Amino acid sequence: MGAEVKASGNVFGNYFQVATYGESHGGGVGCVISGCPPRIPLTEGDMQVELDRRRPGQSIITSTRKETDTCKILSGTHEDNNEIAKMYRPSHADATYDFKYGVRSVQGGGRSSGRETIGRVAAGALAKKILKLKCGVEILAFVFKVHQVVLPEDAVDYETVTLEKIESNIVRCPDPQYADKIIAAVDKVRVRGDSVGGVVTCIARNVPRGLGCPVFGKLEAELSGAMLSIPASNGFEIGSGFAVTDFTGSEHNDEFYMDKAGNVRTRTNRSGGIQGGISNGEIIHFKVSFKPTPSIGMKQNTVSREHQNVEFLARGLHDPCVAPRAVPVVESMAALVLMDQLMAHIAQCEMFPLNIALQEPVGVKYTRTPELAAILP
Amino acid sequence: MGAEVKASGNVFGNYFQVATYGESHGGGVGCVISGCPPRIPLTEGDMQVELDRRRPGQSIITSTRKETDTCKILSGTHEDNNEIAKMYRPSHADATYDFKYGVRSVQGGGRSSGRETIGRVAAGALAKKILKLKCGVEILAFVFKVHQVVLPEDAVDYETVTLEKIESNIVRCPDPQYADKIIAAVDKVRVRGDSVGGVVTCIARNVPRGLGCPVFGKLEAELSGAMLSIPASNGFEIGSGFAVTDFTGSEHNDEFYMDKAGNVRTRTNRSGGIQGGISNGEIIHFKVSFKPTPSIGMKQNTVSREHQNVEFLARGLHDPCVAPRAVPVVESMAALVLMDQLMAHIAQCEMFPLNIALQEPVGVKYTRTPELAAILP
Amino acid sequence: MGAEVKASGNVFGNYFQVATYGESHGGGVGCVISGCPPRIPLTEGDMQVELDRRRPGQSIITSTRKETDTCKILSGTHEDNNEIAKMYRPSHADATYDFKYGVRSVQGGGRSSGRETIGRVAAGALAKKILKLKCGVEILAFVFKVHQVVLPEDAVDYETVTLEKIESNIVRCPDPQYADKIIAAVDKVRVRGDSVGGVVTCIARNVPRGLGCPVFGKLEAELSGAMLSIPASNGFEIGSGFAVTDFTGSEHNDEFYMDKAGNVRTRTNRSGGIQGGISNGEIIHFKVSFKPTPSIGMKQNTVSREHQNVEFLARGLHDPCVAPRAVPVVESMAALVLMDQLMAHIAQCEMFPLNIALQEPVGVKYTRTPELAAILP
Amino acid sequence: MGAEVKASGNVFGNYFQVATYGESHGGGVGCVISGCPPRIPLTEGDMQVELDRRRPGQSIITSTRKETDTCKILSGTHEDNNEIAKMYRPSHADATYDFKYGVRSVQGGGRSSGRETIGRVAAGALAKKILKLKCGVEILAFVFKVHQVVLPEDAVDYETVTLEKIESNIVRCPDPQYADKIIAAVDKVRVRGDSVGGVVTCIARNVPRGLGCPVFGKLEAELSGAMLSIPASNGFEIGSGFAVTDFTGSEHNDEFYMDKAGNVRTRTNRSGGIQGGISNGEIIHFKVSFKPTPSIGMKQNTVSREHQNVEFLARGLHDPCVAPRAVPVVESMAALVLMDQLMAHIAQCEMFPLNIALQEPVGVKYTRTPELAAILP
């Protein structure tokens, strides 16, 4: 068993984007359409009529293979019919989704639903596996802060923290003592139907040097954009982040030194493993903040779609704190960014590999090719 | 019922691309991964373990909603186990797919299978519907040539040809007399297990003026790239195409004139409705050539994956001529290009609509806005 | 005078990207190449030989226009020859640039130089102008914090702060009293050759509702990625940002209400004008943190390219605090993101404008079209 | 001397695109803006005011380096003032450019000018150099047909034709005898102020196997889109192209065999070196048709921008046949596509190189890595 490539060049269009999937005898074929203007009346019949024109077995001069090719729209169509649809939940996507598309993102948020992250985590699992296989990259995230409970900076050793430690408790905090404090903090608001926010720290070990670009495509820019695309996130900081104002330049700079193995290293890592937009081989570490779940079991004032001031009380069960469940999503998005950047780096910079001396320490091993010899004597 | 937008900004990554789909309560959520390096060992279990970390109902401090989130890989994994996999079918993707990915595109062609076009046709149906709704665009393709049978240029009136006429026979040729000739030509090779190629003509009526770009994004370039991405296609020509060498410039130029309605029109349309990469409001017309189906019921020499010279006889049922079935695929790809370009045009050029005089004739109507007044007195 | 469009579809390629510019009789024609593998020996002669084959006036059967088309490489080639090139400046891009490309980013940082932002500011000026013209958008940034000096949250009224106020002092802080404190703080480190970091706040007024996307393309994700691509930035937060952990959900949610004008508004704006990745019509506000300039007038330990531990003392003149000069760059990148998102929104959602009731409040005015009538009775 | 990479991730935005260039001490810094809405009033002053805010040396607390950063708009602004601007030249971009942007592409065609191809040729020269260095790729184009003069298919040996042969005459036809015929044909129309079209053949030798993708990104699709983006081109065919209808499947299929060196080869190459969208290691060959130059020295009927029927007589000197000068542009665009695809291939498929047996014959040599050993025993 192996994952055959899903061929790249697999998305068509820039505005009205179509990604197709599936194989001749696989588990069905289909497409994902992105960017479609909203409120287009569409039924499966609209598509079926065209599919019927395409399918084989239509006549003696076509293949007589029997394929039904029955169209099924899995998602993307809706009916406005439930009560939630009638009012805008405070700090949810309901109102803005409606403002933009003129359709209520019903049924628990539509594309804005946290469930959308399932696809990210599935893809992230594959990216993690490849990064590990190629460079031994390890990506780990954990809960660093919830409400007023915050880990001391030295509570977690980035060099040695393990997945086991993180998964050893329900809030995914590698420090058992603080895990208990966080659980208590969450429980305190949970019982009264309220929620709290939190901060997740993510580290990536063994990331090869050289990932990222010096201008718009800085590695921290890619990571930041990926993290802020996670539902409920509202902040990102790489390395020392906003605390940077506590330092002067002479205090903050990461001085270089040669380690015993002959590698160029930095004594401190306030840059978070990235300098000038490019990874430097140190551990990459960043933080992401998450809002309190807006769905709470308490009455709130809001307005209805019909522009009436109304009171709203959320139904159903919600996380009193999303941070613990955000941990695997943060890891997945980090893996997707690093995988994307690793491929970009290989395409651009491994065509003529760098000289060994510079790259020896990194995960990727290089061989001295004739082409290289021709360029770098 | 209406198609809620599948939000754009819905594809993540540039090399390792992930498109997610699905909603909270829709028909499942998932992702399509493009660009993944081949031959990565992957099982559903690899993904399930991460999905389990993400899902709710894990503890008292998370939502106690019960969601199983069971991973199912629909396609993209394979096993090399059948006989076809052992030899490279002549002029199929077998060998090149293997050269590139190191995996045999088994099971009828994997991603190279003609069945992949199902996703294109489904998306094309939506694009057609929107283009019709917005501008009254009509896209029609038909079989123009098969083997030695070719329609006279004047056999089909681009202004009046209808879908009904095209669908009135099994080879999708709007001229009944030539349709019979084509059927006979196909049947002649079919009975001896051989196949023939053909040429499909596609026209688009009521395409607004102004679609396309003057440099790399010329409308004919977008259409050409789309058509050559259809399996078995090997040629594209817009307007007079390769026959252009029969003309001198003075014979070939499309002279402008003012029609009775006060529109700028061309007396001839050798440009095929596109000049300088941008649509001019005339009917867009182009041709696409298709190879004979490489799968034939005759013995052929080839080599096995083990590099042995062998004889190969295709199994199964195949189209003796793909052109008739390619017709809806050609229309669909044309619709995807025009839809993409219409959105691009609206984004760039309808922000401050052009003055009415110039645009009156086109499908899109414009209003004179205050912003416009400020710019174009 | 007006800016003729630089046609979109103006960048060719996905990995080896080429953007061309210039016109027949303009100020020269040329190209910008991105993604080129490093360390390729290249001279203008390599290009001239091909240009000479293309140019007119070569023979009687070509145009006899005289065009010299002399090749000039403006940037991108280098020589390693100065002293700085020999050692890696701490917390600069020197080392990582060298790790990635195998070339020292000499001459003040090459593409990593702060001077690269000139192109961003020039483009941002155009984006600002268009946003203002189309929707009355106003983008303003100012220095919020430097070292230990931080403005009280209520010191600046986002509704009324003006460019004049911001530009009234050399540190671009709209509060004169705090401006003096900041100047003092900067001066204190400047005199001893040290530097300090700072935080810049950016606001955008009159941003239309509906900009952004619900999934990967969330507006805050686009803004975050843009801000972290600015040299020396290392943190981004939208709305309440990392301070979000100070609130419970019931305290943090932005309740909706109907204002006197009949608009859906929020009483608070902790979301920073964006909910579910889409702008809600409130003022967009976010913060960006900047590191202390790594170039300081003090001895630092580092290593040379030859892997020797050495001491380094920066030459030249550097900003003791980059925050004030980062202000127009932050505004420019915000303008580029909003302009890009406005075009995306118009392409997707103004094809069939939303009903007036929902969109009335926003900057963009809509008319009820026949198409809309057909969809939304 | 070497070309330092122009970092990728160097283009910002998807609709309003900005590419920046230049370095700290290089030949100036700047940006290229693509996709800008047309008719925006813009002066250098609009940009200068922002640049002045950004530049150093503004005060004691900023760097006191003196940089003027004077804004210069090289192209993209215009004035409608000459006579040509008043009428639409038949089959030029004048009318469509005006329809789309509401500005006359004056001064010889603006962005539609053939001079824009200078940027393509310069970039193509670099791509050619890298392809040659990495894989020994040789890209050669030549004139195959002009008006009624057409080379016999066997007149040029794709294996041995050289640049010298092609450049040995002014029409770039490697067959001296036919070159003379072509020169005569061109001269015949030139003397009476008319023009003729032509067809250019392009071949690429030593292209590695495996370039391209199986779905939308087929190599022939990328090549086709690139060729149709060249001014005046109106047709593309790969391999047998439109002549494919002359063959049956049994006649057209390229049978595989093992050559003496143990390579998988095809006896014929009607596929043009690409099968299933992916290169197969045979010589890639395709044809591109070009219209007669629309600018002719003969009176033509057309309309003015004021919608009057008028007569037009072109001024200036023009190519009676563009094909010979299109040759280096065709080669350049082919080089840009192959370079882009090579990088895509390396990113995706060389992360874990294929086993040697399969790839031995291709230009790129592979080594068996530990990672590979782990996957392919």
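Lettered A, B, C and D in written order, each chain numbered from 1.
The definition used in the following text is that contacts are C-beta pairs under 8 Å (C-beta built on N, C-alpha and C of every residue); 3 or more make two chains touch, one makes a residue touch a chain.
All of these numbers come straight from a predicted model, not from anything done at the bench.
With centres defined by CA atoms alone, the chain at the far end from chain D is A. More C-beta pairs in contact connect the chains of A-C than those of the other pair, out of B-C and A-C.
Put simply, the C-alpha centre of chain A and that of chain B have 31 angstrom between them.
Mean C-alpha positions place chain B and chain C at a centre distance of 36 Å.
Once the centre of each chain is set as its mean CA position, chain A and chain C turn out to be 22 Å apart. Counting partner chains per residue, chain D shows two or more touched chains at residues 2, 5, 7-12, 14-15, 20, 35-41, 101, 105, 109-111, 116, 130, 133, 212, 214-218, 222, 226, 229, 343-344, 347-349, 351-352, 375. Those residues of chain A whose C-beta lies close enough to touch chain D in the complex are 2, 5, 7-12, 14, 20, 130, 133-134, 212-218, 342-344, 346-352, 365, 367, 369, 371, 374-375. Interface of chain D with chain B (complex): residues 15, 35-41, 88, 90-102, 105, 109-112, 116, 145-148, 150, 189, 194-199, 209-212, 214-218, 220-229, 231, 234-242, 244-250, 252-258, 262, 264, 266, 270-272, 274-281, 287, 289-296, 298, 300-303, 307-309, 344-345, 347-349, 351-352, 354-355, 357-359, 362, 375-376. On chain D, the positions that touch chain C within their shared complex are 1-43, 46-47, 49-51, 53-54, 56, 58-65, 67, 69, 71-79, 101, 103, 105, 107-111, 113-130, 133, 167, 170-171, 183, 186-187, 190, 226, 229, 316-321, 324-325, 327-329, 332, 336-337, 339-340, 343-344, 347.
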